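You will see two complexes here that share chain A, one where it goes with chain B and one where it goes with chain C.
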Partner chain A sequence: MNIATSTEVICFAVLATVVVIGGLGVILLDNIVYSAFLLGGVFLAVAGLYLLLNASFVAAAQVLVYVGAVNVLILFAIMLVNKKEDLKPIKSLRTRKILSAGVCAGLLGLLIRVNLTTPWSLPGPNGIGEQATIRIGEHLFTDYLLPFELASVLLLMAMIGAIVLARRDVLVSDVGTGKSVNQSLIEKTQPPLLIDKSSK
Partner chain B sequence: MVIITGTTPQAMTSQGIDLELGFSQVVQGLGIRPDIAHLLWLPLPMLLVLVAALIGVLVTVWLERKVSAAAQQRIGPEYAGALGVLQPLADGLKLLVKEDVIPKRADGLLFTLGPVLVLIPVILSWLIIPFGQNLLISNVGIGIFLWIALSSIQPIGLLMSGYASNNKYSLLGGLRAAAQSISYEIPLALAVLAVVMMSNSLSTVDIVQQQNGFGLLSWNVWRQPIGFLIFWICALAECERLPFDLPEAEEELVAGYQTEYAGMKFALFYLGSYINLVLSSLLVSVLYLGGWGFPIPVEWLAGWLNQSVDTPLVQVITGSVGIVMTVMKTYLLVFLAILLRWTTPRVRIDQLLDLGWKFLLPISLANLLITASLKLAFPLAFGG
Partner chain C sequence: MIEIFTGPVPLQAYLLLASFLFCIGVWGLINSRNAVRVLMSIELMLNSVNINLIAFSSYLDGALIRGQVFTIFVITVAAAEAAVGLAILLSLYRNRVTIDMENFNLLRW
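Up next is the complex of A and B:
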């Protein structure tokens, strides 16, 4: 074993450990902020795995999208919602935990079975290295054009939905039917902080 | 300064001085295996670039003090060394020996990890900065995209330190920093995309080479004036420099996410922000001002003097001119940023977000569209 392969093996071991332990930490830790930060670490380690597979563009995209956007958004949401609320105790928590553990174990078993029974071609196809960026672009605009465009439509829908939810000046009644519109999801203006208490 | 030969063999298209080859031959002469010699070589360029980044920061801090003094008709640091050039070193030493305080109610682990997470991506981004044809650590194919991806990690560090400080000013500062850097990343990436489209490559070396055909006239700033402005504004916002230094707006937030920090942890933030400023200026010079290119192409000059570009002397001169040009353009931009800091007032948070989302984003999209159509219409001038 020369230096290059042994470095690769060590890197893989470290990254895999980080992914597994970090993933466990994300679901097992009590502090939700810790979970969110650990999730970022897991995403970074996955990007490292992509890098080991010579997929540098995918790795950078992983960092940009998952760490830079998804994880930051999760953290944002956690830090903006700082309501101290006593949650109601959930009934039959124990059976729920056992059930979900069963489902997860079943999924893991299935994945391991697929992994063991699939005839993997070893060694795999040669990496194309720096050409990968061009190849991904070609695929996105030829045979994967429809999913790519559909994803953009989905994002547009989400964006319009977010704008509607964030806007405060919405119509009270439907223009066509004249019925009042359900506004339970729409953000209301905050009541003024300094209410004149003397009038009560 | 830095002289590093590209570690990728395909970068050596022309025969010239290969520092790595020379180094490994010397080391192998001492009876060391080739792969070990390669391992010994690897940290050297990285160390050199790290040292260069740190020296760049020291110079920038000194410049900041001197220029701000001049803007306010003061003298500025004067006694520490000639013209006060040792003042930044004294600052660094002071921070080094200062007591490292962790507030009692703060979250110690995240409090320590935050500044580190802010600094590391910035330093990693120096990987792709070319100081010359072969003078960079690694000519990675995804080049400039790597920088965009890495700079998106920084907000996590800011949020982490803001949260861990357990202080409302810190939390607000951290949230502001993250919001700001997310919203300015999009126009920034779109501006970069227009440049990438013209040079048909993400690699920083290719981007500079595409600008060096006709010297000064072929710099991207003439073909991408709007993109240049967008990139510069967004880079200032990403560095949290005035007029966009809302995350640490003194009058509102004490010092934002840095409020609770002291000693070396504060120094990490300080270093990070200045390294980021120098890095952004370097990238502006690489993307828009022709990088290492001399206003008149060096190949032409060599041709007029009847010298081959491959002779060692010409190579050394070309390399030095490249480094000097890169550093000169960079520090011109740093000077501009410092002048901006000491002459413009700060924008409000709503103005900042309005500028980012309602002005820069549509304009950068339009810029991208225009660049694409110009590229189709005039493939000769816009890199078909």
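Up next is the complex of A and C:
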């Protein structure tokens, strides 16, 4: 076991510990702001795992998209909706948690069994390294061209949809033509209609 | 069987880690009462799937790194999903003034 291998094993152990403990913290901590920052730590550790697996481009994309965009978006959402509210106690909550933990443990056992008993035909880790980005570009523009273009349409749809869903102010008339705007999709500034009656 | 402590990191180690992360995500998805935490659990599950894809791409696919391409697409879809999900969440919060998942039962029979 040479020094490069042992370094890889140590890096993997540290990153795996961060991922598992961070993931548990994300779902178990009471304060959701701590959960969001731990989620950022998990994303960074996963990016480190990608680097260990010779996927430098995907690691960079992970840091940019997940840590830079998704995590910041989640933090913004927390800041916007972070109202201290007393959750109503539900009966049989503990039973539900224990049952779902049992189901998840069963799923985990199944996955572990599949992982360990399947004879993977291992050529071993490839040393493609710096060529990976070039290969990804070739894939994206030859045999994965259609999903690539569809992804751009999907991002446009998600952007417009998010703006329409989240906007609060309403334009009464169109800026260009002066006609009145169809506002059926836009939420009006009105008192909330759907407040839970049982909470009063 | 598996030589975790003598050789380089085996494929099974990555798969085990991804399994753990996926099950953590499933548990959080079922049991969270805060709607933002549900979205965070979904992101955890997507990340575990991405670890799987990259590991298979590196260990089984040779120089054709198709798993990395799939991971790029998964990251794209996850970003779109997070944006739309959080916008829906803001809209829900404006209408119902709560983010407790137990109160979102308008469509329940």
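Here is the rule we go by: the second predicted complex is superposed on the first by the 161 of 200 C-alpha atoms of A that agree within 3 Å, B and C clash if a C-alpha of one lies under 4 Å from a C-alpha of the other, contacts with A are read in each partner's own complex, and residues count from 1 in each chain.
FYI, contacts are C-beta pairs under 8 Å (C-beta built on N, C-alpha and C of every residue); 3 or more make two chains touch, one makes a residue touch a chain.
None of these values were measured; they are calculated from a predicted model.
Asks: In the superposed model on chain A, is it clash or fit for chain B and chain C?
Replies: Fit: chain B and chain C sit side by side once superposed on chain A.
Asks: So in the superposed three-chain picture, is A:Leu80 touching just chain B, just chain C, both, or none of them (first/second/both/neither)?
Replies: In the superposed model, A:Leu80 contacts both chain B and chain C.
Asks: Does the superposition put A:Trp120 against chain B (first), chain C (second), both, or neither?
Replies: Touch partner of A:Trp120: chain C, not chain B.
Asks: Given the touch rule stated above, what does A:Ile128 touch, chain B (first), chain C (second), both, or neither?
Replies: After superposing on A, A:Ile128 lies in contact with chain C but is clear of chain B.
Asks: According to the stated criteria, A:Ile21 is in contact with first (chain B), second (chain C), both, or neither; which is it?
Replies: In the superposed model, A:Ile21 contacts neither chain B nor chain C.
Asks: Does the superposition put A:Leu51 against chain B (first), chain C (second), both, or neither?
Replies: neither
Asks: Is A:His139 contacted by the first partner chain B, the second partner chain C, both or neither?
Replies: After superposition on chain A, A:His139 lies in contact with chain C alone.
Asks: Quick check on the superposed pair: does A:Leu107 touch chain B, chain C, both, or neither? Answer first, second, both or neither.
Replies: Touch partner of A:Leu107: chain C, not chain B.
Asks: After superposition on the shared chain, which partner residues are touched by A:Val63: those of chain B (first), chain C (second), both, or neither?
Replies: In the superposition, A:Val63 touches chain B alone.
Asks: State whether chain B or chain C is in contact with more residues of chain A in the superposed arrangement.
Replies: C
Asks: Quick check on the superposed model: minimum Cα to Cα separation from chain B to chain C, whole Å please.
Replies: The answer for the closest chain B-chain C C-alpha pair is 14 Å.
Asks: Considering only the contact definition stated at the top, list the common interface residues of chain A for chain B and chain C.
Replies: Correct list for chain A: 57, 61, 69, 76, 80.
Asks: How about chain C: which of its residues touch chain A in the complex?
Replies: Within the complex, chain C touches chain A at residues 1-2, 4-9, 11-17, 19-28, 30-34, 36-37, 39-41, 43-44, 47, 50-51, 54-55, 57-66, 68-69, 71-73, 75-84, 86-91, 93-100, 102-103, 106.
Asks: In the complex of these two chains, what residues of chain A are touching chain B?
Replies: Listed in rising order, the residues are 2-4, 33, 37, 40, 44, 56-57, 60-61, 63-64, 67-69, 71-72, 75-76, 79-80, 129-130, 133.
Asks: Given the complex with chain C, which residues does chain A contribute to the contact?
Replies: For chain A paired with chain C, touching residues are 1, 5, 8-9, 12, 16, 19-20, 23-24, 26-27, 32, 35-36, 39, 42-43, 46, 49-50, 52-55, 57-58, 61-62, 65-66, 69-70, 73-74, 76-78, 80-81, 83, 85, 87-88, 90, 96-97, 100-101, 103-105, 107-108, 111-112, 115-116, 120-126, 128, 131-132, 135-136, 139-140, 144, 147, 151, 154-155, 157-159, 161-163, 165-166, 168, 187, 192-196, 199.
Asks: Chain A touches which residues of chain B in the complex?
Replies: 35-36, 39, 110, 140-142, 145-146, 148-150, 152-153, 155-156, 159-160, 162-163, 171, 174-175, 178-179, 182, 185, 202
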